[in-house]
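Have a look at these structures, which come just after this line.
Next, two complexes with chain A in common: one pairs it with chain B, the other with chain C.
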Partner chain A sequence: MIGIYSHGRSYMHLLDPRTKLALMVGMSLLIYSAQPTALAVLLALILLLSRASGLPYTRLVQGLRPVLVFFGAIFLTHLLFTPGEPLIEGLAVPTLEGVTTGSVLVLRFILLILYTSIMTYSTSPSGLNYALTFFLRPFGTFGTDLAFMTGTAMTLIPGLFREKDTITKAQAARGYKPRGMKGFTALVVPLMNRSLKRVDELSDALESRCFHSKRRYYYYRQTLANRDYVAVGIYVVLAGVVLFVRFEAGF
Partner chain B sequence: MIELEDIYFSYPAADPVLEGINVRVDKGEYLGIMGGNGSGKTTLARLMTGLLLPGKGTLRVNGISTSDRSRLLEIHKHTGMVFQNPDAQAIGETVEEDLVFGLENLGLPVPEIDARIEKYLDLLGMRELRHRNIRTLSGGQKQLVNLAAVMVMEPECIILDEPVSMVDARCRKIILQHIARLNHEGTSIVHITHDPEELIWCHRLIVLSRCGITNQGTPHEVFGQLLDEKKMDVPVPYAISRKLGLPLALTTEALLEELCRSRSGN
Partner chain C sequence: MTQYVNVKPMIYAALFAALTAIGAFIRIPLPLSPVPITLQVFFVLLAGLVLGARWGGTSMVVYVMLGVIGLPVFSGGSSGLGILLGPTGGYIIGFVAGAFVTGLIYNKVNDSKTATICAMIGGLAVIYLLGVMQLSFVANMTLQQAVAVGILPFLIGDAIKIVAALIVADRIRPLLAVS
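Let's look at the complex of A and B:
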């Protein structure tokens, strides 16, 4: 789901890309510092934002599928290596602390991915490039290049998933059943090949359409509107609540 | 417009793809380049747009040599390229974004960008696709978007690398009509394909085989040579009309007309 943009006129779509990018950084910090209760509030907010962007919940959740293994590994690592009160008598692991720490960390990653999915669903790559260029402007040409590379890399992500699907289906059609490390290599090698080819094609397409590092993004330039200030205001209030819960209330 | 003199090109650690190529594309000309797989057609197209640089020889676009790397951007402005694979060319996520990308690179003002997008989307009958995600379009629509993305930049010469090889018959006809119209309006066209049927409207035709040019001339001349040499396919109406001793016809319509005329004459 990350990197898949859909044109629309929702509240999230109409927000200035710079506001959305700044809020993404802010939300990441909040998610990182939030405790379980605050994380639940943030989850509710993200679900609201999903509704506000017109992104169906089913599609939002589908975006988590490719990283489920990663989440499993994180949870398992914490479950087995966090010292604390044993869950099963006589065994040092798993521990209650392991379950709590693992769950909170996985939930943080989930929230990050969900929020990024909403952001990329409602922000066109050109808008994203414009916002990145705006914030990286102090770094001159390096900043512009970095902004373009980041924005373009984001647009390549869905293509990678599609390529992965094509390869696995082609292998399955020829009776191949991936097993262990050999199966992993059988997927990664052709995927790398195709990705490099795609990058090569993209570089030709960019060059033939007169791309140059001094280019500017101006067609999708917006001026900050009331809705941007409202969004920032909501964020400030939310950040205050989360930080209060963490440092004052202590839960 | 484009001049290639004694061009030699080879990819790293490989046999030469092109050797001793001399080609000239004049302003307003419709040049067809035909050849089998591996004959170097795509390499030649990429050389003509400055995406590849020749190993030996001179390549000039509007008098600008590709050896002057600081002026490659100018060459890209003079020549646009439509790639064979429609997915390879898309840069933007939506049709509008894809068209805007090239126009922003040219530094055009926003009203001019809007005017051009509307003009070319209308011209290609794609107004309703403006905000559609390119990935959700059919192969033919994607290729039309690619054509539009090049057309909006209004280059003097458009190089088309097998533009209809991945689309259905209906889209193929539409795209070929647009190409012919573009040329009629003064844009130079270099149309590369392995299918002779696509090249019946070109002014001049070149046949490439391993490394070099084997035939060149008007479509009538070249198809005649190819039939004599039995080297490559030629348009079916052409082969039939020649076999029957009728005036040479390149299209089915022209052939039918000649057949009707010969019958009524008898």
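Let's look at the complex of A and C:
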């Protein structure tokens, strides 16, 4: 399985995917509304959850690597363009205010990614797909169709990677170096050609077996257990404390 | 008939979602620039051109779902709801609107090259618009700052992608017409 998910039997793994998806959205809102003190508490909680779900810290922070440069750019922008008390005598920037606003923002983004990494580590893609379908039920058949398409796309990805490797290796064997616009079309046109042929066969096979929209594709069933209510309860208490700290205590 | 047999567009939408997903991993070096371009935005625009507004947009919704359920399909191999709600999430949501708008404009105009380019520029503009809006809102930046961080570094690469999408779309459409 590609992605961060890993099978396990921890408390986090056993939670219902729907609970986890709802908590993911809830926690994201909480992280965005948290003040520095509350952020420190949330960071501690995230490290605790990571330990509880069996996710090693090295793999936890791996999710940050792709976005680090962009976060750095955001931090720099705030560092250089926030007016306030200068840190260095004689220079207008960087300011103390710039450092605080920049680091609080970036810390929020980092927490957001760390938290969702734990959730996707402990929930299988099919489980989360089911949860998404569940919450899309108000949209009628669109939700089930979407789940079907997502499942299909999931199974197509490894095949596409193989096709891409086959094409690039065949071209390399003939001494071709992909470069610029020519390299673009030289890869994409055969890739599209081959993958379209494959999905045409797939859709023919589905159609000839009378497969159609407006039916249930997923037979994954799970019922909410006590631990789900406990998790939601913990979240509600946590949210109460964070919001209280923000709006009443003010630090 | 048409009410039920709609497997083919659904499968095509799934294919374009998967292509956009692997597009983040295909890097092609450019002659002059040190940064290789990835094919992600290219497949978004192509989905709009080839599948049209409705199914192009749907395919990008599927792509977003793939990322949310934890496959490393967002740019750089990241994934999860955190990316979607973070500073760069606007671009990903913009993919849905971008493919939709590209398909919409393309279906409205005649089949000339200029019209196709206009459709793709429209789609790209929508991606940038949503991306910058979320960036400035979430990261607490002014619009000028968000544009400097979120648009200017990517302009040249995206211009190349538009030309490439134009060439590829012309060569792919016959394959779809036969099927």
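The criterion applied here is as follows: the second predicted complex is superposed on the first by the 170 of 251 C-alpha atoms of A that agree within 3 Å, B and C clash if a C-alpha of one lies under 4 Å from a C-alpha of the other, contacts with A are read in each partner's own complex, and residues count from 1 in each chain.
Following the convention adopted for this analysis, a residue touches a chain if its C-beta (ideal position, glycine included) is under 8 Å from a C-beta of that chain, and two chains touch if they have at least 3 such contacts.
Note that this is a predicted model, so its numbers are computed, not measured.
Contacts of A:73 after superposition: chain C is touched, whereas chain B is not reached. Looking at the superposed arrangement, the partner reaching more residues of chain A, out of chain B and chain C, is C. By the touch criterion defined above, A:5 reaches both chain B and chain C.
Look at A:229: by the touch rule set out above, it reaches neither chain B nor chain C.
With both structures placed on the common chain, the touch criterion links A:206 to chain B and to chain C. Residue contacts after overlaying the shared chain place A:125 against chain B and chain C alike. Residues common to the contacts of chain A with chain B and with chain C across the two structures: 5, 125, 202, 206-207, 211-212.
Residues 46, 49-51, 73, 76-77, 79-81, 83, 85, 88-94, 97, 100-107, 110, 113, 131-133, 135, 149-150, 153 of chain B touch chain A in their complex.
On the chain A side of its complex with chain B, the touching residues are 5-7, 124-126, 155, 158, 198, 201-202, 204-212, 215-220.
On chain C, the positions that touch chain A within their shared complex are 4-8, 10-15, 17-19, 21-22, 25-26, 28-31, 39, 42, 58-59, 61-63, 65-66, 68-83, 85-88, 138-142, 145, 148-149, 160, 163-164, 167-168, 171-172, 175-176, 179. By the touch rule above, chain A contacts chain C in their complex via residues 2-5, 24-25, 28, 32, 63, 65-67, 70-71, 73-74, 77-78, 81, 101, 105, 109, 112-117, 119-121, 123, 125, 128-129, 132, 145-146, 148-150, 152-154, 156-157, 160-161, 164, 178-181, 183-185, 187-189, 191-193, 195-196, 199-200, 202-203, 206-207, 211-214.
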